[in-house]
Structures are given as structure tokens and as C-alpha cells.
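Each of the two complexes below includes chain A, the first together with chain B, the second together with chain C.
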Partner chain A sequence: MSPVSHNRKKDMETLLDAEQIRLTSQVRFRAVGEEGVLVHLENGRVIVVNEVGLFLVQQLASPVTRPELARAVTREFAVSADRVQADLQLYLEELDREQVIEYST
Partner chain B sequence: MSVSAERPWGSHSLLLSLPAVIIKLNGLTKAQIHSLQGNYQRFFCEPSPITDEYCIECNVYQLDREPCISHKEVSWKGQYAPRQVRLGNGIELTGINFQAKIISPCSHKFSSISVVNEQDIAKTSVIENFLRILTAHQALSLKGLVLHSAGLVYDDLAFIFSGRSNAGKTTLTRKAYQHGARVLSDDINVLLPEGEGYRAYAVPFTGEFGRTLEHQGGQESYPVAGIILLEQGDGIRTEKVKNSDAVAALLAGCPFVNTVAEESASLFEAVINLVAHHSVIRLVSGRDDRIDEIMAAVKKELQAV
Partner chain C sequence: MYKDRILRRVRERRLLHSVSLELTFQCNLHCYYCYNDRLKTGNMLSLDQYRVLLRDLAEMQTLFLMLTGGEPMLHPDFFEIGKLAQDLGFVVRVRTNGHILNRDNCTRLREEVAPYMIEVSLHGATADVHDRQTRVPGSFDRLLKNLSTAMDVGLRCSVVTTPTAWNEHQIEEMLALCDALGLPLRFQGPVGPRDNGDTEPLALQPAQATWDLISALQKQRRHDAMPSPAQDQAADLFSEEQPEERAMCGVGVSGVDIDPFGNVQACMHLQEPAGNLHRQSIKDIWNHSPLFQQARQRAVSAAKQFTDTSPRQFGAPLYCIAVEENIRQIKKVRQGVDSAPVLIDYFDKINRV
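Entry: the complex of A and B
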């Protein structure tokens, strides 16, 4: 990898880390047992998330950055930071596809 | 709202006793009352101190012209659905051929409904939509629900089959009716809490099955035996449903209020409470499956839960 593209990647990561993520104002949720149920008021979709998903959604009720979210998951579920990074990215992508979260800088 | 002057059609009133609401329609003509008799006669009631205290007054007005609204604004997932706009102290409804308001200035509610043509008030696209939406909001205020479902009564117990459009509710209803079940509705049912559980109430709202109207009216009700999530498939299969999946499925089946932000907390509370008090199972069955076999499987699964 060239030094330039390496720097770009670092810049992108810094930007992504600074991004704040939160539930959109159109989403409501409740814990049901250990899982969560989310309703999207705009499109009427209802989705169920597992225990980890519920924890994330609860964190995302207020704006939070990706590193803050990762640290919270690491603490809560006692898993390695590397594992959390990968899983968190996948989970956020899924929530993004469902139009449940929004990003801001 | 484009009601230039609030002109009633006539001077007559009519009381309708629905499960979650008693509504007094004011400003009707005799012809309008006659037309409303067709679908709602069993829900007519006489004035009494109770109806005077609890009824929602609804003035019926003349509308100068049809509401200026596009079909896109009054459709939801491919089906006609009047537009709901939240006002400071109530809701404004606009359909293709009517406008209405439901206002709660304090604990008491008032409403109005306006139509262009005298006989429009009795059209199901007008009065039934208005009453369905009013009932959905009122049921929530009583910690109950209006659920997209078929309500079938066997041995004085209500089996509530919830499913999306084309899940087979009307087909199941037809088979059950021919087999001797009482039909509350093949489309919309009202569930209200009572004691340790919920009761299902007869409503004048119906789908393709039509009105059998052999039930007595808005106060006829039955204890809920269980909630059955209906799906089409090959052969008869039943299974218990996780509480989270049950809550999600039932939320999706609560029309008119499940996309209203202001009702979201009440709706979650009501659905979670319903699931806490009644068994929820999934039924997969085919068009040709026999109703007696379906009900045997349903009762067995509900007992096992």
C-alpha cells in the first residue's frame, strides 16, 4: 500500500470514528424479555433484534460514536475489541439498511 | 379543513354503541339514518344517563367540495387508508370523500365528520373508516387493541387469527362459519382488557366475508382463548411463538395507530400486556385443510403452551 493511500485510509477511519450515530426519530422500541422490538413509524416495518441488538439500540437512543459503542459492547459482553469491531460494523450496516439509524458529524 | 361553514345535514341524532366507544351522530337527516341502519342497526342504542356521560358527540356537516387529496396520500401498502394528521389536541382525518376531526380538549372527546353528498355518510369508505380509526384510538385509551384479524367463537371462547392481507383470514372465516362458529369479524376485531385477560368484542367492521350480523351488537363479547398468527402453507402445523416475535407480529397487525408516534408508547404497552396474558401460537394451513382439523390442532397447541 502506498503512503498516500495509507494516509487516506487513516483519514477515513478518523472521520468514521468521529461520526455520531443514533436511532432516527421515526423509530420506537421496547425490550421484550431479552430481545428488542423496533417499529419504524414511517414505513410501518417491525423488526426483532437479539440481546446484543437490543443493547446497541438502547445505546443508540442518544448520539454515540463508533468507538464509544464498541467500548460499551466490549464492557457489557466481555468480548475482545477485535471481535466487537467486526461484528459491530456488520450490525450497524444491517440497522442502516433497515433505516433505523442515522449518521451525523 | 375546508368546511366553509359548519352546516348540519338535518336535525336528527343517532347513538351507536361500539365496543370501545359510544358515539352520538348529530345533524343527520332521516334518510341518512335509514341508510346507516343497513350496516349498523344492531349497534344502535337508546339514550341513557350512561350514554350521555360517556358518548363522543360527532356532528355531521355538509362539505362544499371533495377534499383535495391525491390517491398516494390516502394509500398505505397498496390499500386505501384515510390520511391522519395529528393536531395539537386531536386528529384530522381526510379521505377521498370526507373530512373528519377527533378532538380531545380535556377528558371528553368531540368529533365531526363532513361529506359532500347526503348519502356519502353511510358509505363504508366514509363512516366505516371513520369508526375504525376512532375505535382504534379509543381502544388504546382503554389499554385495548384493534387488531387486523379474524375473530371466531367456539364454545363461547374467542379465537383470534391475526394475519396480514391474503393470509387466509376470510377463507378460514367462511369455513368456520359453515362449521357452526360465530363470527365476530373476518377483518378487524376489538380486544379490551377485563380482569386477568382480554375479551373480544363484536364489531360492525368486516372484510370480504360480509356481515352475518347474527351477533347482538357492540356489547357482545367473549373471553379470548388465544391469539393465532395465521400463515398459508401446505398441511396443518402449529408452533409456539416467542414473546418478542408475537409482539412484533401483533404490532404490525394494529392498523391506524401503529405508525402514529403519539400512540406508540400506549400501543407497545397494550400489545406487551396482551402477550403476557394470552398464549400466542403460529398456524400454518392450506386453503383445503378442514376447519375441524385446524381447530383441533389450534386447541391442542394452545393447551400445550
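Entry: the complex of A and C
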């Protein structure tokens, strides 16, 4: 696996279905009740995520593709595939901005 | 959001959010006012027991793990424990005197433990003052060299100092030294009795004016330099939070201390164990011992004496119930009022020496 450097922001529009996404090794997280806390070791940032965010982060602990993520979210939260696709796109962009995730093919 | 909502939830649900592991009481310095009870004995936890403990803590969603001592890096399994902590997803902080932070150890730390922060102890702004307190000649020069190496290797470092009668004339110089190094300096105190109640260190208490100077300098610095939001978060992550109910500290609410012999305590300085990992799991101890709630209640009660005034203890702008209780306990023993077996045992050993 060869993670993409976070010196450049990932263009989510170009994210291929086969590309795997995972948390970077610089991130630690734990569940606190229904929410999650992420600590970025390198930049010191602390990020709080909601229930859906925690579920995603837990999935991203191991490499996973965007379609796999979408299916997992659909199963867990019983929402439509279209809605999940749109929300997932936004959420991954946010995690990317926070330098929390990395990609590989 | 973390402090406002998450820490509140941690406390409300009694989640074991942070754990301090005192890996060993051994040390390569000999600081005059050190609080550790070096006469405390017991069966050291084995590496296998640390493995079980850390896996249990990961299951309990404990986030923060502090490796401390004594000098934690002297523990023969320090790097194995640190590596396991990294693998299990803890945010690790290492509190060290920095004496063996050479390049090899710094590199191993970064690669095997990946700590969030290394916190080192500074005792003065010059070698004569620092070395007088550590009682190890050359420790100041070595610390500065090692700090430089640690930063060069890419470890995030911070510095902590305890104001004493021997270094209080160098408060501003210590701040200037840390500024020059580009490191934050935190003042901790007051000088407390040793954890066995020995009050000898109290002779080094600085003047209250020193704490007033520190408060004024810190206020000035906050005013002069507003940190970026990210820096602010990094600096605040381990700061003591005031729980919702007014209490002197967060004891008993969301964290524990575990000594080298497996004793689980509500606080590093409150020596009464809630249980022992040789006999119980951390889950059993955290979920069933009444000691944590009792410690919490004592912290709440102590706060009531400061409803109209700011806390003060030996001049320092805080009040630590452990300092108070350890002093009170030793006074009782000296007066023959109480028969605390541990302390009497300690006095026996001292008398024999």
C-alpha cells in the first residue's frame, strides 16, 4: 500500500471506486458514548464526530473503498443509497481536509 | 466541543478516559524533592500483565495513556509497552527526566511508541541550579542536548518545572530558556510531601511571591500571544478540567493511576489502592471499587472551603487534597493517633537506617 501524501488535498471527484481509504497512522480515536474523539498526533488537532462519523471512522480503521463504506452506512442507518452517496462525499472531503484519511489503489 | 461536551459525557458516564502508568520508581536522577516513595515494595507487573491491562483499557475506550515513573524509560519493557500502546490506539504521553533521551532512544520513541508528547522536567535555568536539585552533575547540560535531539528527531516536547526555594530566582530565566528552545513551559506545584508522607521536601517550598510572579507572567504571555486554534488544542488536551460539580480536581471521575506493583489508585499521590491488578482486572476495579467516589467526594468537600476565596496551598494557586491528606496522615503517625501500617513500616525502615 502506498498512501497518497497529504501535502495535497484529494480531489474527491476523482476518487476511484477501487481506491481504498483508511485513517492515517497519525490518528487515534475512541468512542465516547455515541460520539467519537479523534486526536491527530502530528498537528495536535482534536476532532469530535457524531454517531455516523464514529461509525465511519471505525470502518476506516481498516482500508475500505467508498462503495464498501456506502453499503456499510446504508445497512447500519437504514437510509437511501442516494442520500448516503451525497453525505459520504461531503464527509470524506471533511476528513480529508482534517488530514485524517489517506488513499491507496 | 471536546471539553464542553465530550469531557462532560466522560464524567457523567464514568468512562475511564485517561490512565497514568507509573512503570517504575527507579530513577537515574536523585531529585531532592521527588514525591516517589522509593521504599514502596511489591511484585512488579509483568509484560504479560501490561498486555492484558492495555487490551482491557482499549476495550474500555480509554484514550489517554501517560507513561511515567520514576523514570519510565528505565523499565526493561518500556519500548514493548509503548509499542503495544501505539498499536492499541492510545494517545501516549511520556513524562521523563530526559536523561537518557539520546538519539537512539528518541528515534525508537518516535518509531515504536509515536507519543503525542514528551514532557520533560526542568529544575533551573543554569547548570548549578538544575544539578543541585537533581543531585546529578551534568544533568542540565545533558537535558538541553537531549531536548535538542528529541526535537530534531521530530518528537513534540513540553517542559514542566516545579518552583522551589532553590530555583525561584530563575523563573523568568527558565521561561526565556524555553522560549529560546521553542518549547512551552508549565509550572506545577506546590512542592508536596513524598507519597509516604515524608515532609522533608516541604523545606524547599518557594515564597508565595514566586507564585504571584508566575501568575502575572502567564497572564502577560496570554495577552501578548494568542495561539492558533490548533496549538491551543494541543496545549489544552491534558490540562486539568474543572468538573461540573465544584471540586478541587477531577480525581475519581475519569482517570486512574497504576503504580509499578499493580495498585490502582484514584490519583498518583493518594496512596490508598482501589484494587490490585495481580488479583483483579482493571474493569472490575474501575466498575466496583467505592474508593473513586470517596475520593471524588473529598475533592468536592475540599472545594467548599474556597467558596469566597481562590484556592491556595503553600502559596500555589491550587489545593491538592493528596498533599493535605499525606501531611495529615504523617502527623497522625508521629503523634501516635493512627496506626497506618505502611507509614509505620516506613519509619521502621528509616530508623533502621
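Here, the second predicted complex is superposed on the first by the 90 of 105 C-alpha atoms of A that agree within 3 Å, B and C clash if a C-alpha of one lies under 4 Å from a C-alpha of the other, contacts with A are read in each partner's own complex, and residues count from 1 in each chain.
Following the convention adopted for this analysis, a contact is a pair of C-beta atoms (placed from the backbone, for glycine too) under 8 Å apart; a residue touches a chain by one contact, two chains touch by 3 or more.
Being a predicted model, the structure only gives us computed values, none of them experimental.
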- Message: Contacts for A:R75 in the overlay, against chain B (first) and chain C (second): which applies, first, second, both or neither?
- Response: neither
- Considering only the touch criterion stated at the top, classify A:R30 as touching first (chain B), second (chain C), both, or neither. both
- Message: If we overlay the two complexes on their shared chain A, which of chain B and chain C does A:R83 touch? Say first, second, both or neither.
- Response: neither
- Overlap of the chain B and chain C interfaces on chain A comprises residues 28, 30, 32-33, 35, 37, 39, 41, 44, 46, 48
- Task: Would you tell me which residues of chain A are touching chain B in their complex?
- Result: 26, 28, 30, 32-33, 35-37, 39, 41-42, 44, 46-48
- Query: Can you name the residues of chain A that touch chain C in the complex?
  - Reply: 25, 28-33, 35, 37, 39, 41, 43-46, 48
- The chain B residues in contact with chain A across the complex are 76-77, 242-245, 247-249, 251-252, 258-261, 264-265, 268, 272, 275
- In the complex with chain A, residue positions of chain C that touch it: 1-2, 5-6, 9-10, 13, 15, 17, 61-63, 89-91, 114, 116, 156, 230-231, 233-234, 237
